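Dropping the structures in below, format is C-alpha cells.
In the two assemblies presented below, subunit A is common to both, partnered first by subunit B and then by subunit C.
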Partner chain A sequence: MSVPTTGRTTPELTAWLSDRIALYLKRRPTEIDPAVPLAEYGFDSVAALSLCGDIEEDFDLILEPTVAWDYPNVRALAAHLAESLESEAAG
Partner chain B sequence: MLIGSAATGPHEVSAGPGPYPPGGQEDRVVARIAELETRLGDPTDERGEVSYARLLEADERAELSEHGEQALDDLVLNADFVPHRLGGRLERIDTLVRVMRQVFRRDIALGLGYGVTSFMAAVNVWSSGTEEQRRRLAELLLDGRKVSVAYHELAHGNDFVRNEFQARPADGGYLLNGTKQVINNADRAAAWVLFSRTSPAPGSRSHSVVLADRAGLDQDRYRVLPRYDAVGVRGCHLSGLEFTDCPVPAAARVGEEGKGVELALRAFQITRSAIPGMALGATDTALRTVTGFALGRQLYRKSVMDIPHAKATLATTFLDLLICDSLSLAATRAVHVLPEETSVYAAAVKYLVPKMLTDAMYDLSIVLGARFYVREGEFGIFQKHVRDLPVLSLGHAGSAACQATIIPQLSRLARRSWFSDDPAPGSVFRPHEDLPDIPFERLSLASGRDGLSASLVAAVDELPSGSPEERAAHGAALRLMDELRQIQEQSLGLAPQDRTALASPATFALADRYAVLLAAASVIGVWQQAQGGSDTFLADPAWLAAALHRLGRRLGHSLPDLPASCENRLHDEVLARFHENRSYDLYNAPLAG
Partner chain C sequence: MTSFRTFTELVLDRAAELGTEDAFIFLPDDANGSVPEHLSYAGLDQDARRIASWLQAHGVAGGQVLLLYPSGTDFIKAFTGCLYAGAVAVPAPLPTEQGQHFTRVSGILRDAEVRAVLTDSTNAPEISAWLASEGMTDVLCLATDGADYGDPGAYTVPDLSPEHLAFLQYTSGSTSDPKGVMVSHRNLLANEAAIQHAAGTDSNTRFSGWLPFYHDMGLIGHVLHPLYIGGSAVLLSPVSFLRRPHRWLKTFGDYGATIGGGPNFAYDLCVRRVTDEQIAELDLSTWGAAANGAEPVRAETVRAFTERFAEAGFRPESFFPCYGMAETTLLVSGTPLGRRPAQRTVDPVALEQGTFGDPQDDGPRRTLVGSGVIHDFTVKIVDPDTRQERPEGSVGEIWVKGDSVASGYWKRPLTNTEIFDAHITDGRGREDAGGWLRTGDLGALEDGELYVTGRLKELIIFAGRNLYPQDVERAVQSTDKALGVGSGAVFTVETDREHVVVVQEVRVSAVGTDLRSVATGVQRMLGQELNMPAGNVILVRPGTVRKTTSGKIQRTLMRKLFLQGALTPLYEVLEPAVRGTVADATGSSLAQAGV
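And now, the complex of A and B:
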C-alpha cells in the first residue's frame, strides 16, 4: 500500500533504496555503497524493472521502467526519487 | 489447385470484391499468399524446383535452395518487410506472419535465411532510425539485398547487457572493435545491425545500435569469420564478423547513444511476437505429412488412422496449432492495438509457441515411427523440420530470457491489472480485420496493463453453457480463471530475489503458467469473435472446449473428459483440410498441391 509521500527526505529514500536493493542482491544494506553503480553489484536489468514496480507500490509514483538505468546508483536514484515526489506533491 | 489472381503492385487490390472490403488489407494478403503458393508450387511434387525433395537435397549440401531464393527474389519478398510508407508491403504484423508461413511450411532455413533475418534487423531501424536510415534500408531491401542482425556474442548468451563488442566514439564517429558470432547472412549482407558497447560503464545505458553499411566500410578493417556447421537450418549462412578499428560515421548510429538496450527490447516486441507464428507452417507440414502416412499405412490389419492413439495425436496437434495461432494472432495484433501491453505478450509467444510446436513434432514422430529417422523420400521433410524447428527457441531470445521479461512484470500486473482491467478490444482476435499502422513509438518496456487476461475473466460470464461442448468449455474456463487468481496471489508474494534474472525455478514456472493463460484467453477471444462469421469451424464450441481442456490439463487441472464429439469434430477437420489442401491454422487457407 502507498504511504504518505510528504516528509520523505533524501537520506530516508537512500535508506529505503539500500534496504530494498540489498534484498534483491541478498546482501546487507550497509554493503551497498550509494556511489557505486548497481550493475557492479550484479543488479540485473530484470531486477531494475522490478525495483521500479516496488517504488510505484510504496510511493504511489509512476516512473519510467528505465529509471534505474538512467540513475544507476543509490545516490542518483534517491535524488531523482526525492525530486519526483516533490513535483508530484506540488502538482 | 490454387485460387488465382495475384497482385502485381504493393497496393493493387485483387479483382472482385472480397468479403472484407474496407481498407483492402485482407484482399491484399490473400492475393499475396496465393501468389507465393503459385510461384513456389506444390511441395510434394518432386518435379517442382522448390519441392520437399529438392529442399532436402539442398539441406544435405548445407545450402539454401537456389531456386527457392530465386523464387523469393522474383516475388520481391523483401518488400513484405518494408513498411508501405517506405514503398514496401508491410502493413500488419499478423499478415506478415501469414505470408512467411508459406515459406516456413516448406523450409525453415529458407524462411530465416532468406528473409526473417533482414526483418529482424530492419525493425530496429523502422522503430528508431532516422528518416534517412529508413530510406536507405528500404532501398537496400527493395533492391533484394540482405541485412544481418548481430546482437549475439556467444560468451554472453541472452545477457546482452554484458556484450563487449565496441563502437568507441572517435573523430565524430565510432570505431568498431570486436567479434560477433553466429550471425545469419553475415557473409552476404549489404548492411549489418550491430549491437555495440559505446561506453565501458556497466549497466543498461552503455550500448548503442549501429547500422553499418558494408559499402562504406574499409575492407581491411573487418573480416567475415568461417561458417558454423549446425544441426538444423543447415542451409543458413551462420558465421561471424570481426572488426579491428573499423570507422563508421556518427550517422550510422540508430537511436540515441546509450539507448541500445531499450531500442533492442522494443524491436524484440515485434520480432518475438511475429516469428514463432511463421514457424507454425513447419508443424502444419509435419501434421500433413503424418496424416498422409496414417491414411496410407496398414498395421494390425487397420490403417494407422484407425488406431485411437494415432487419431488422437493428429487431432491434438491440430488443436495445438490453433492454440499457437490464437496467441500469435492476439500478440501480433496487439502490437497495433495495445502497443503498451505488448512486451509481455510478445515474450509469452516467443516462450510458449516454439515449445508447443516442438512438443507437437515429438508427438507426431511417435505416430510416424521409424520413418521419422529417414532423411529422404516422402517423409524426409519431417526430420528436417524436426531438426530445424528448435532454432526458434534459440536465436535472439531463449525461452528463459522470455520468462525473464515476464517475471518483473508479474507483481505489477497482479497489483494493478488482473481482475480489474478492461478486456482487450475484439479486433485483437479478428484475423481478417484491417488494422492501423504499427505505432512503433508507443511500444513500452512495461505497462502494468493486460487486457488479454481481462478478456479471459470477462468471458467466464459470457460463455454459453447450453450444449455439452459449451459446458466443457465453460467449466475449463472457470478453472483457468481460478488459476489466474492463484498466479495473482503468488505474484504478489514474490520475494525481491525472485524478481531478478536469478529468480527461483518456481518463479520461472509462474511465468510459464501465465503464458498458458494468455494462450487460453486468446483462444476464447478468437472463438467469441468468430461467432456469426463465415468460418463455421472456428465458431464451433468443439475446438474451444478441446483447446481450453488441453491448456487446463497442461496446468495440471483435473477436468472431466471431453465429449467425444470434440475429438471427432477435430478429426474430421484434419481429414477435410488434408484432402482439400487447406492450412491447419486459423485461416483454413488454400495451399498449392
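And now, the complex of A and C:
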C-alpha cells in the first residue's frame, strides 16, 4: 500500500511508531513487539496524548487519544495510521 | 500586601488599580493558529461581579459552590466570583473530561454540602442530569459563559473576616472518602506572602503554566499568585501541554514569562519530546524560577533538563525545587533565587535507617535534591512513633506550623485533632502546646535545607497526583471476576523514576481466557482510566497477599517481599528497569546478611 502524499509505507509507519512509543516508555525500539498490546509495556493516557501530539506534528493528522486503545498494538496502529493518511490524501 | 484582611478585598483592589492590564492570557488547545484569549483585570472584575451577584440573589453566597470547568478563563472568573460573593469555592476535576469520572465528584458533592454548581454551557446539560440522578434537585446549576444572568450592578461587597473560608481543596482522601482542606482567607494571604518571599515575585512577574486549576499548585501558584502580586499569567490546558510540551516552553520566549512549573514528569516529558529543531526556536532566558514540587525532586530530572535546555538559555540556578501541600495551602519551602538546587549524596543503607551518611567509596549512593529553605513556617523533623524531635541530619516525619497551615479537613474533627494538632514530646514524656501539622512525608533538615526523602503513609504520589492504593486496587479487581476483591497490593518502587507495581491474587479456575490477557486487562484499565503507567503486574496464588489480623493490606511488607524476590508469580510482566531493582535488592540483602 502506498501513500502518495507522505511516501510512508506501513513498514515505515511501524518503525516510526516503535521509535516514538519506545521513547515515551523509556525502552529501546527493538523491545517493542508490534503484536504485543501497548498496555503490557505500561502505556498510559499521557503516552497516548504524546503519540497524538507527535502524529499531528509529523503527519499533520489530528487523532483522538482513544486511538491508542482502539488499536492496541503497533501493528494495528500502523495499519490505522496508513489508512487515515490515505483517506486524508484522497479527501 | 499585608493591609488586606481577605483575598476578596485584595482582588477588588487589584481590579480597580490595574483595569485594562492583562491578568491572564489563555492559549486554547487548537493546533492550527489558535487565537490567545486575553482577560484583563477589569474584564475579570466585571464577570466576577455578575457571577457573585447571581450567587447573592439566589441565596447561596454563604455556602459551598462546586466549580466544574475545563481549563480556561471561565474557571478563573467563577472562582473570583465566589471570592467576591463570599462563597466557599470547591474546585474539582470536570467529570466529563477524558479519564475523569463522576464517582469522585459525587463524593465531593455530598461531603462539601454543595449549594450550587458553576460550569460552562457545553457541560451544563450533563452536569444537570448528574445532579438529578444523584437526587440533588435543590442544588442549583449555572453555566457562567452565558449572557442572560446576574446583574453586576446589583453586587454588594460582603463583610468577611480573615477566618472566613476562601475554598475547600479536595486533593486528599480516597475516592470513597474525599477530604477537603479548609483554606481560609488568612491562610491564603499568608501563603501567597510565603510564595512571594520564596520566589521573589513582584508586579512584573509573569507566570506560565498548564497545571489543572483544581490542583493546589495550579490554583494557588499559577492563578491566584498572579492576582496577589498584580502580575499576569499565560496559561494552557494540561492536555495541550501533554500533546505538545514545547508549546509550554515556547510561551517563555513569546510572552517573557518568568516563573512556572510542575512535577518531575513535566520536565522529563520536555526532555524526551521536545526536538532539536524546536529547541532552536526556544528562548528560556527569562525563566527565573522553574518550580518543581508535588513530589520529591529528582536529581536526574534536574540534570537532564538543565543540560538539554542550556542552549535555549535555561540556567542551572533557575530550577526552583520547593515543597508544600494542600494542607499548608501550598508552599512550605523553596530554593533561594539565584542559587542552584542543593544536592546531597548519601549512603542509601544509612538513609533507610534514618540518617544522612556519606557514601562509602565504592558503595551504593543516592543523590537527594533539596527542597529549599523555610521562611514563613516552623518545621521540625519528628520521630512518628515516639513524637520526639529528631536531630539535624536525621530522617523523620516533617511537622509544620505557620499561618498558612489550614485549620483542618471539612467536617473531620477526629482526623483534624490527629493530623492538624499534633504534639511534640520531650525526652521526659512532656508534650508541647501542639498545633503541629503532620505531613505524612519523611525528610531531614541539614544546614537549613529541607530534604524530602519519602512517604510515611502508603499514599502514592505519581506525576504530582495523590493516588490512594485502595482506589487503584479496587480498579484492578474490577477488571476480571477471577481477581479477588481485597486481595491485591499496589505500591511503588524507585529506579531513576517511580514505577507502580501491582501484586494481585488470581483464582486460576475462574480465568476465562489466559493469565496474560487478565494482566493486560489490568494494565489497560490503569493506563487508560487511571492515567498511570502499569508496566508491572504480578499475578499470584490466593493467600499470597499479606494482611493484618484486622484485614488491612500490608503493602509495605508486600513491597519488601517483591524486592527480595520472595513472591512466586503465576504470571508476571515487569519493566526491565524494575526487574533490575529486584535483582539488585536480592544482591544487597545477601551482602548485608554477610553471604
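Basically, the second predicted complex is superposed on the first by the 86 of 91 C-alpha atoms of A that agree within 3 Å, B and C clash if a C-alpha of one lies under 4 Å from a C-alpha of the other, contacts with A are read in each partner's own complex, and residues count from 1 in each chain.
Assume a residue touches a chain if its C-beta (ideal position, glycine included) is under 8 Å from a C-beta of that chain, and two chains touch if they have at least 3 such contacts.
These numbers come from a predicted model, not from an experiment.
Participant: After superposition on the shared chain, which partner residues are touched by A:Ala47: those of subunit B (first), subunit C (second), both, or neither?
Facilitator: both
Participant: Could you say whether A:Ser84 touches subunit B, subunit C, both of them, or neither, answering first, second, both or neither?
Facilitator: neither
Participant: Given the touch rule stated above, what does A:Glu56 touch, subunit B (first), subunit C (second), both, or neither?
Facilitator: Touch partners of A:Glu56: subunit B and subunit C.
Participant: Between subunit B (first) and subunit C (second), which, if any, makes contact with A:Asp70: first, second, both or neither?
Facilitator: Once the two structures are laid over each other on A, A:Asp70 reaches subunit B alone.
Participant: Look at A:Arg27 in the shared chain and tell me whether it touches subunit B only, subunit C only, both, or neither; answer first, second, both or neither.
Facilitator: second
Participant: Using the superposition described at the top, list the residues of subunit A that contact subunit B and also contact subunit C.
Facilitator: 23-26, 37, 39-40, 43-50, 52-54, 56-57, 65-66, 69, 72
Participant: Can you list the subunit A residues touching subunit C in their complex?
Facilitator: Answer in residue numbers: 23-27, 31, 37, 39-50, 52-54, 56-57, 62, 65-66, 69, 72.
Participant: Which residues of subunit A touch subunit B in the complex?
Facilitator: Touching subunit B from subunit A are residues 20, 23-26, 37-40, 43-50, 52-54, 56-57, 65-66, 69-70, 72.
Participant: Looking at the complex, which residues from subunit C come into contact with subunit A?
Facilitator: For subunit C paired with subunit A, touching residues are 31, 98-99, 239, 242-245, 265, 269, 272-273, 463, 497, 519-520, 523-524, 526-528, 531-536, 573, 575-577.
Participant: In the complex, go through subunit B and note every residue touching subunit A.
Facilitator: Residue positions touching the partner: 159, 161, 201-205, 261-262, 404-405, 407-409, 411-412, 415, 444-446, 448, 495-497, 499-503.
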